[in-house]
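We call the chains A, B, C, D, E and F, going by the order they appear; numbering starts again at 1 in every chain.
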Amino acid sequence: MEGGFEEGSINLVTGKTGTGKSIFSAQFLYNGAKKYKERGLYITTGDTVKNIKKQAVKLGWEMENLEKEGMLKIIELEPYDIEKLLENMAISKEMTQSKRIVIDSISMFELYMQEPYKIRKSLFSVLQKLRDMGKTVLVVAEVPEESKNLSRTGVIEFMVDSVIVMQFLGIAKYKRSLMIRKMRVTNHSSEIHPFEIGANGIKILKI
Amino acid sequence: MEGGFEEGSINLVTGKTGTGKSIFSAQFLYNGAKKYKERGLYITTGDTVKNIKKQAVKLGWEMENLEKEGMLKIIELEPYDIEKLLENMAISKEMTQSKRIVIDSISMFELYMQEPYKIRKSLFSVLQKLRDMGKTVLVVAEVPEESKNLSRTGVIEFMVDSVIVMQFLGIAKYKRSLMIRKMRVTNHSSEIHPFEIGANGIKILKI
Amino acid sequence: MEGGFEEGSINLVTGKTGTGKSIFSAQFLYNGAKKYKERGLYITTGDTVKNIKKQAVKLGWEMENLEKEGMLKIIELEPYDIEKLLENMAISKEMTQSKRIVIDSISMFELYMQEPYKIRKSLFSVLQKLRDMGKTVLVVAEVPEESKNLSRTGVIEFMVDSVIVMQFLGIAKYKRSLMIRKMRVTNHSSEIHPFEIGANGIKILKI
Amino acid sequence: MEGGFEEGSINLVTGKTGTGKSIFSAQFLYNGAKKYKERGLYITTGDTVKNIKKQAVKLGWEMENLEKEGMLKIIELEPYDIEKLLENMAISKEMTQSKRIVIDSISMFELYMQEPYKIRKSLFSVLQKLRDMGKTVLVVAEVPEESKNLSRTGVIEFMVDSVIVMQFLGIAKYKRSLMIRKMRVTNHSSEIHPFEIGANGIKILKI
Amino acid sequence: MEGGFEEGSINLVTGKTGTGKSIFSAQFLYNGAKKYKERGLYITTGDTVKNIKKQAVKLGWEMENLEKEGMLKIIELEPYDIEKLLENMAISKEMTQSKRIVIDSISMFELYMQEPYKIRKSLFSVLQKLRDMGKTVLVVAEVPEESKNLSRTGVIEFMVDSVIVMQFLGIAKYKRSLMIRKMRVTNHSSEIHPFEIGANGIKILKI
Amino acid sequence: MEGGFEEGSINLVTGKTGTGKSIFSAQFLYNGAKKYKERGLYITTGDTVKNIKKQAVKLGWEMENLEKEGMLKIIELEPYDIEKLLENMAISKEMTQSKRIVIDSISMFELYMQEPYKIRKSLFSVLQKLRDMGKTVLVVAEVPEESKNLSRTGVIEFMVDSVIVMQFLGIAKYKRSLMIRKMRVTNHSSEIHPFEIGANGIKILKI
């Protein structure tokens, strides 16, 4: 998966609660920093920096070290700041200096802005700037249990280059799976990949 | 189950009417006080202190004694007090002194606030403070019969560390069951556990 | 069934049209008066006293006599009176003097108040007072044909001690059935009980 | 079916488009006039007197004669007149003098009033007066194709004494059927009765 | 089918996109003019006269000739003209002089008026006048793909004398079919008729 | 497929996210320019010119050359410009000079205008002008995952000459397919055609 996101692409990780979206996203940054020496920026809208670090510790990831080395940065963002996202000097600087960016979750913007047209316009302008800057971006979308959409409002999925759907299958042999639902231009595999959240994060299983 | 909630975690107990959510929550406090000597606080928004005690008596739980010993406190709260929840001196004091906290139910706040974004922001700030204080918190969410969501508005489940779904299966052999639907970081079992409400509360059954 | 409602409990009888909710409720009062010498009060919001008596006559119930003996009282109530329900002297007096109280139906209040939070708050305060007074209360809720909820707004079922669901099964052998969907504290049977409306009211059948 | 409606009862004939509701209702009046010498009043809200007579002619019913004899009267009514329905001298007189009354359809009132509580209150007061006057009333409700309710708003069916559901089954052997869905007090048969619209109206078939 | 519509009747042709509603309607007028020497009027609300003629040419229909002979007239109508429909001199004249009238589609009025009661009242008054004038009228209704209703708002089908449902069955042997869903007074066949759109319009197939 | 769109026709390409709508549309223009020497205009409302070119490069299409030769033009359009679309000189000129026009996507107009009647009126006037000018137009509509409609509002599909539905079938042998859902006048095949997105764009597969 890791090498799978293209430079300058916007990628959506979507799923219901408890499907592993945040761990997947954190691992994307962690591996980027550890294996590929790419700086990462984690923008959280619905959690605290403290919480995220606490979970990283459990997975045995030395986030503190990475932060000290300047390879990783975690920032809390208020949804009403979206329009100022790129004018905000602090965030702008972090964005400029990072190669991989996670926005967890984009659903807070959906809840905040409500009107689908406005959601689409605002987010598109932000995401397009990141695309233009050549960043590899991963945005996380929450899907309520009873929805079949790929985001709360059903517009996010149309403005990204790829969509990864994470699923929790309570009664199946493999409890968790991820599926590539969309991948621009390429005729991607669209297999369903079962995975486990083990000691060091997500591990894709062979079937 | 009991030892199962992590310190400083926010846990959601969700289910339709009559699935045993309140008994589960009360048992969490009762066992905490009796077995682990942890003080408990029960915040009710849709019931009276009198009612709760009446039910405890039926289960053979000596709540009165625990209250006298200062190991348990039951408080009625109006939903419009949510914003003042932590500034309220009386509640604050109880919260500070307790280790385990139950909010039964968070659905009253959902009904009162209506707007999903507002629900999420307000509750997050309250729950995060409890998390920061290292409390083990259990929030109860009601789900209407015809909904497949995990809360009335479909936002609560995204801000907690674990989700326990309680079910009533009218025609099955085991009428009641609980399932761990989400458990942050760990690759939890996600088995479905049938249970009975017996003389002394909930008893998980072997299958 | 009859001895089944606890003193000081609020019980919901819910079902679609033509499932026997009103007969069940009237029988609860009638049996209370005849067999247990408990006074009954029937508060109707969507029917007339005249209609109710007419139906009782068909079932061979001597309501007139019971009324003369002061064992039964039928009152028509306007939904907009809900807030004054307990301050209303006439009703208050009847409530104080009765042991068993039926409110048929609570759905008129739902239709009238519309806003779920308001429905819940207003009804809770009324029902809680009745609970505190030790009355055995039966509230009737109508469910539209295409709903799977247990009341029109999906909030009533969360504020009662038990829920009895009455069903009409057009093509089944037993056309009508009742099921205990919720019963606080106890691990109730939750069997489905077929019944007939015969010459003297509801008769539970053996299967 | 004919002798089946009780004096002083309000009966609902409900169904989707083209299920034979209007013919059933007209036949109720026609048979009443011809066989039982009971005067009939047909109140139409969504058709013209002319149209109704035209259809009667096709069925070979001598409505004109019945009208001349004073045994049948057809009246067009505007939904916004509902509140004045009984104060309207002309209609009042017709109602007083008739034994059987058809309101075809009550759905026009639902569409006009919109708010379920208001629909219920207004219609109840009208229907109750007719009940008090000892009339045998048949109200017709239209159900849109994709609804499972028994009326447009789902409140009408809760204020009547019986509900007859008319169905159109495109692919079944018997294309049309009627079912008694509700019949107050009695433990009615609830069989499904196939029928044909033949030369002289509706004819129930044996299965 | 052709001889099948009664004089002075209002007939609904309903279906999802691409089911052949417009061709069916045009054929009704074309055959009327060619075979029965009845003048036809085509009122379009969502297409242009030019477009309609272009399609007719493809089907080999000499519409131009019919127009010159005064046997056919095509008119574009704005939905907000509905209230003036019969007062409009030009349209009125055409209506008076024509025997067969098509309104394609009535859905534009539904979209424009929005409120079901208003849709019903306005359209009823127009359609009834046409009925009174003895015209044979065919109205076309569009049904969105995910709806099971017979018109956008679910009220049109209750004010017409017959309903013809046109269907597209992607995977069946016969791709297109039409079914008589309603036909006032008569006990119509209600068979499903497969058809093809061939060189000269719709051709009903034998099964 | 290519030769399949008629001159002066408006064609809808509809599908959920990741079904290949944009590639299909680009290929329509690319092939038009390369094989048929027809100038193409790509109007994008939700993407940037830069993005579109980037994807073309991956497919091995020499868009740059085509642009230099004046055979292809890509324009970004704001949805609020729809009303000025044809008065806008720049776009107008491009439209006049092009034979094939793509609008990707029309859903942005739906999101922007919201009200179905307004969407229909505005878009119809634009599309009709293009039709009158003899252009071959392809409009792209996005369908949210949980919808069964052919556009967001369910009105677009009723104003076009053909509808092509693109599908993604996660578990089927052929992952992607396209189906002609509507094709005015002709009795089109309505087969389901599986396809692959290969090195040079979409390739229809034999089954």
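Please note the rule applied: contacts are C-beta pairs under 8 Å (C-beta built on N, C-alpha and C of every residue); 3 or more make two chains touch, one makes a residue touch a chain.
Keep in mind that what you see is a predicted model, and the values were worked out from it rather than measured.
Enquirer: Taking touch as defined above, what minimum step count separates chain A and chain D?
Expert: Between chain A and chain D, the shortest chain-hopping route counts 3.
Enquirer: Determine, using the mean of C-alpha atoms as each chain's centre, which chain is farthest from chain E.
Expert: B
Enquirer: State the chain with the largest centre-to-centre distance from chain F, centres being mean CA positions.
Expert: The most remote chain is C.
Enquirer: List the centre-to-centre spacing of chain A and chain B in whole Å, with centres computed as mean CA coordinates.
Expert: Between these chains, centre-to-centre, one finds 30 Å.
Enquirer: List the centre-to-centre spacing of chain C and chain F in whole Å, with centres computed as mean CA coordinates.
Expert: Roughly 60 Å separates the two chain centres.
Enquirer: What is the distance in Å between the mean C-alpha positions of chain C and chain D?
Expert: The separation of the two C-alpha centroids amounts to 30 Å.
Enquirer: Residues touching two or more other chains, restricted to chain A: which are they?
Expert: Residues 147 of chain A each touch two or more of the other chains.
Enquirer: Report the topology of the inter-chain touch graph, choosing from line, ring, star, complete and other.
Expert: Contact map by chain: ring.
Enquirer: Report the order of chains around the ring; begin at chain A and proceed in the direction of chain F.
Expert: A, F, E, D, C, B
Enquirer: Enumerate the contact residues on chain F facing chain A in the complex.
Expert: The contact residues of chain F facing chain A are 17-18, 23, 46, 48, 50-51, 55, 58-59, 79, 105, 107-108, 111-112, 114, 142, 144-147, 168, 170-171, 175, 196-198.
Enquirer: Applying the document's contact rule, which stretches of chain F touch chain E when the two form their complex?
Expert: Per the stated touch rule, the residues are 116-117, 120, 124, 128, 131-132, 147-150, 154-155, 157-159, 163, 179, 181-187, 190, 192.
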